[in-house]
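What follows is a structure written as structure tokens; I'll ask about it next.
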Amino acid sequence: MTLQNTGTDHRDGTDDEPNGREKITDLETAIADYVHDGSSVAFGGMGGRDPEAAAREIVRQKKTGLTVLDDARTTLLDIMVGAGCVDEYVGSWVGTSLISQGHNIRNAVENEIPHHLQMRDVSNFGSSLMFLAGAMDVPFVPTRSMLGTDIPEHNDALEIIDDPFGSGDKLTLVPAERPDVAIIHVQRCDPLGNAQIHGNVVNDHLKARAAEHTIITCEEIVSTDEIRKTPELTRIPFYTVDAVAEVPFGSHPWHCYGRYYADLPFYREYGLRSQNREDFLEWLEEWIIPHEDYLEKIGADRLETLERMEHEINAPAEVRS
Amino acid sequence: MSEEIPAVDDPEHPERPGIEHKEATDSSNPLGVDRPNETAEDYTLTELLAVTAAHEIADHETAFIGVGMSLMSGVLAKYTHAPNCQLVTESGYIGSVPPGVVQSISDSVLGVDALVATDQCEIFTDNQRGAFDVGIIGAGQIDSRGNTNSTVVIGDQSYDRPKVRLPGSGGSNDIMTSCGRTVVMMRQKRRAFTTDVDYKTAPGHLEYPGHREELGFVGKGPCAVITDMAVFGFDDDGEMVLESTHPDVPVEDVRDEVQWELRVADEVTTTREPTRAEVAMLRTIDPADVVLRGTDYVYEVGFEEWSETVLEHWRQLQSIQDE
Amino acid sequence: MTLQNTGTDHRDGTDDEPNGREKITDLETAIADYVHDGSSVAFGGMGGRDPEAAAREIVRQKKTGLTVLDDARTTLLDIMVGAGCVDEYVGSWVGTSLISQGHNIRNAVENEIPHHLQMRDVSNFGSSLMFLAGAMDVPFVPTRSMLGTDIPEHNDALEIIDDPFGSGDKLTLVPAERPDVAIIHVQRCDPLGNAQIHGNVVNDHLKARAAEHTIITCEEIVSTDEIRKTPELTRIPFYTVDAVAEVPFGSHPWHCYGRYYADLPFYREYGLRSQNREDFLEWLEEWIIPHEDYLEKIGADRLETLERMEHEINAPAEVRS
Amino acid sequence: MSEEIPAVDDPEHPERPGIEHKEATDSSNPLGVDRPNETAEDYTLTELLAVTAAHEIADHETAFIGVGMSLMSGVLAKYTHAPNCQLVTESGYIGSVPPGVVQSISDSVLGVDALVATDQCEIFTDNQRGAFDVGIIGAGQIDSRGNTNSTVVIGDQSYDRPKVRLPGSGGSNDIMTSCGRTVVMMRQKRRAFTTDVDYKTAPGHLEYPGHREELGFVGKGPCAVITDMAVFGFDDDGEMVLESTHPDVPVEDVRDEVQWELRVADEVTTTREPTRAEVAMLRTIDPADVVLRGTDYVYEVGFEEWSETVLEHWRQLQSIQDE
């Protein structure tokens, strides 16, 4: 059990920080502190607000033997699998979108390149529920999804039972998953770890709660007073969070609602260059670099254009909060 | 909901909307196309599919949609014959009015003018409770009872090390289980229309009539399959039935691409062709042909031109919406 | 099953309402249409944002034999019980607060005045979970709450099982409840039934989903375009809602966050006058009147003062959204 | 949370904070009272209880609190020795800074400056996961192992038609099950300190040592009972132990109000008295004595004076907070 205790040794007396313990760190330190070889990791977002920079940092730090516990997962998983970081994936959907096909994932599952990727499938709702059960600290949550199909046949963690209340219905029991670490990218967070999400939340509130440790990467660290203005948007409270790193454009090349649009040309280039191993390794060489260097390489003009695009369709954060 | 609205478990409900030609209203021709209801002179096969799928969504329905063709059809329906339908996406947006092509399930165009921004667990909770009328999904394989596979083509190998690893269920299992009715969009290939799917990802009409009811599903399962050759419905036994073929496609050609002995409606019709208004709207939604023709040209032009093109399209669709 | 189908007969063609089917009605009609003798009812809020006006309208319409499925419930239940509307209560807590004691509820349970009130206790979390299970359309959700206590002994609907995953832990299974009608009071709602909640949500999002029918009473009906500006606050979506009634000061004498503070002197008077049957019946005579008349009787000055008080501590809605 | 922070299941953790006098800092004397750390010359018994309960909350802790005395103690802690504690209430607010007395669990003063406004299911989900350090609850009856009854006094009657119907569990069952540790506040009456509660609403140390662990509870159960006569802790067996009596209360008087053979600490101390700073702050939080003295006078004065009084108090506390 680690989702607990904002408190510390109660006897050590007063603390001068007016707002409690601060958790600010940098991306490199956060990954080094919480993601270890063999860790299980859940990532936030879903083809939008994904913690892409954090995943690239995991690759840069050459973590191995990871299990990714997740829902639907796109680019960042494909990169990590191609780079040899991941041994197992538990989730609902892998691939990418219209213009890229998860080449590394297929290559790992079908051809064991760079090594075999073990898959354990659930449905999307099953994925939400495995985190819900983890967040609730109960062994399982029941659902009607996945009944009558082969998903439970190939995922031994799922159980099918008869409704103990005697309705005659069958139910799928989805067991709790508790990732060692959840990594969630959000628009804003305060130094205590109160993370606010604009727009859709996907399963991020549940992943942060289910995980033993949570790293928040955010576009912007704001003051705790700023958080207090819209408490309804704090979907991840401080007591579930261990580290907060300000990582602007941390979802590039994906979207960050209200902040910037997806860089689809960059993404397409990844899709093309991940089609064969040699090109992919060159892509890694080129783009697995510290996030500051990455952004510089992308270029300020390009980033600004992506911001302008998003602001054209969705009101920017400063207007919304 | 009020008494007079049919429930999901009302046998009447899962019937698909008719696609007879209706008098065009302003809302179904927002671009102001001349002779909007006439059959389009030129349209692509993909445009035909998008329009056919769009007509599976009736006005005032909630439509659970994914990326690509599925969403394209939903957006088309909303901009044409079903202005009051509400789009639902599994990443957490409800009721948005996307100003263009969607690249991912959390694409921020799905946030545009959304009525609700929530989480995935809540969306699927509502889905399981039977809140949504129609879902549109894709699949890699399908059998005669509409059971689909989007997980693995095993071939003579294994689940762990399959011949082809497909993306997985995503929401397709949950939608087929619980959504009022489900439309499946697929390529018509003999190897995909199989007597036995390699892996049952989403539950069609399962093994026998009544099987879904036995399991307590609130959703009625697949109601239609739309392919690049034909449109299929399902009979009371839960068996797929050829209903229409696309223009110039003979029934025999469809049979050739199905492994089982295909049931065929007494009167196989020709799939209704898109109208001028519909094709014009589709091209406005996806002017760069990303979904409709699967071309990448908009990405090949370089970042600057890409961003300008996309911005221009958004503005165009938003101005339609503002009118 | 009724939480479904915003759609209607698909074949009836176009509909000229640009935003879909409108559900606006008035309070009297909403109660008459959805609350029947013998109905099970869940109320929103919890000593704040309670649908007090709706409950008084139920009393005014002399509904009987109701089952109240709920979490913690205060004044409105005490009034309804005293007026003889309620036969059974399933929930976690009854009473009131500091200055009133739920006299009618005690009188009904202990002395069968006006008639016996059957109680079925759960804990607060149990109450959340019975609505969660109802909202999810599963027979139950498991919890660790209530184990080792007498709550399951006296509530036959709860089951204790051994964890089927073999952890050796025991679990309490909380069965789904599906009220015939949920009545939720919110700050704002559009004509389609998209209900937005400022501040805390209690169990309202779950009650609306679990119920067969949902009535929204709101301080203010706003346009659908207004809702689109803050989609994160739409905790109850249109497809769970059957009727929308604009009922300003619909929570009086309780608080409505961001709108008005609780009228505690009014509330205290209720506490005093509900201590004996005769005084209570006089109170009923005086205050069970159409809501417009009720507000007039309270007085515009007094209502304005309550608004001013709330705005002193919490930013008003027009600032927040 | 990071490794060096003790976990709930760390045997060290559920230990209660010490209540030794500490050097007053600015934050513990925001009113600028003279000689803030000296024992208050005049204080009521209720003020003593509120201060004693407040000291069960340490700085930086999350405290799960209810209305009345429980919240009063939480607010006092936050305004004095524990400025970084965060208050959690079951209706959905976390981290608020209430500017005064709270009348209900959804009182909008609980929304003031909240860090999180969410729903009850999420609050109790986090509670069950072990997120909260200390809870403060009330009860009608308690036994020697801290099992409490707040549901029914059955007497010689039945659950369905009891002698006295109490309010019910509220969150007290959930808090005692899962909160890091729990403080119970009660009146010291022989009929309430009973060998066998009429109905076990919230789980204390249950029937025998290790019983809670067997059931898999993450919370450590009751750690203290604070009454109008004394303060009790629990020994390793889970049995209640008298730790201190309030000034001028003999141990024998406490024994008389307990039905079982009370265990008594080797050295029973006198409960620490409130300081001048603490009493001044309490009177600022509740100047109308609504909680502290249970008087209704502020409501008797008529609506206008009531509203002006309340507004004045809010402004006073907010000005303290702004400093």
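Per-chain residue numbering starts at 1, and chain names A, B, C and D are given in the order in which the chains are listed.
Operating definition for what follows: a residue touches a chain if its C-beta (ideal position, glycine included) is under 8 Å from a C-beta of that chain, and two chains touch if they have at least 3 such contacts.
By chain, with names taken from UniProt: A, C = CoA transferase subunit A; B, D = Glutaconate CoA-transferase.
On a predicted model such as this, the values are computed, not experimentally measured, just so you know.
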Distance from subunit B (Glutaconate CoA-transferase) to subunit A (CoA transferase subunit A) - Cα centre to Cα centre, in angstrom: 28
Chain centre separation (subunit B (Glutaconate CoA-transferase), subunit C (CoA transferase subunit A); CA means) in Å: 38
Geometric centre distance via CA averages, subunit D (Glutaconate CoA-transferase)-subunit B (Glutaconate CoA-transferase), whole Å: 56
Where subunit A (CoA transferase subunit A) and subunit C (CoA transferase subunit A) are represented by their mean Cα positions, the distance between them in whole Å: 36
Residue numbers of subunit A (CoA transferase subunit A) (touch at least two other chains): 136-138, 143-144, 167, 169, 198-199, 205, 231-232, 235
In subunit D (Glutaconate CoA-transferase), residues with contacts to at least two other chains: 93, 111, 114, 117-118, 128, 178, 218
Chain-level touch network, classified as line, ring, star, complete or other: other
Every chain pair in contact, whichever chains are involved: A-B, A-C, A-D, B-C, C-D
Complex interface listing, subunit A (CoA transferase subunit A) residues touching subunit B (Glutaconate CoA-transferase): 45-49, 71-72, 74, 91-95, 97-99, 102, 105-106, 109-110, 112, 116, 118-119, 121-129, 131-132, 143-151, 154, 167-170, 198-206, 235, 254-258, 261-266, 268, 302, 305-306, 308-310, 312-314
Contact footprint of subunit A (CoA transferase subunit A) on subunit B (Glutaconate CoA-transferase) as seen in their complex: 67-68, 90-93, 99, 103-112, 114, 117-121, 124, 127-128, 147, 151, 159-165, 167-174, 177-178, 199-203, 206, 211-212, 215-218, 290-291, 294, 296, 299, 302-304, 306-307, 310-311, 314-315, 318
Complex contacts: residues of subunit C (CoA transferase subunit A) adjacent to subunit B (Glutaconate CoA-transferase): 1-11, 13-15, 17-21, 33, 135-138, 192, 194, 205, 209, 213, 224, 227-228, 231-232, 234-235, 237-240, 242
Of all residues in subunit C (CoA transferase subunit A), those that touch subunit A (CoA transferase subunit A) in their complex: 136-144, 159, 161, 163-165, 167, 169, 171, 173, 175, 197-199, 229-233, 315, 320
Residues of subunit D (Glutaconate CoA-transferase) touching subunit A (CoA transferase subunit A) in the complex: 1-2, 4-9, 12-13, 15-18, 22, 25, 27-28, 58-62, 81, 83-86, 93-95, 111, 113-118, 122, 125-126, 128-133, 178, 180, 218
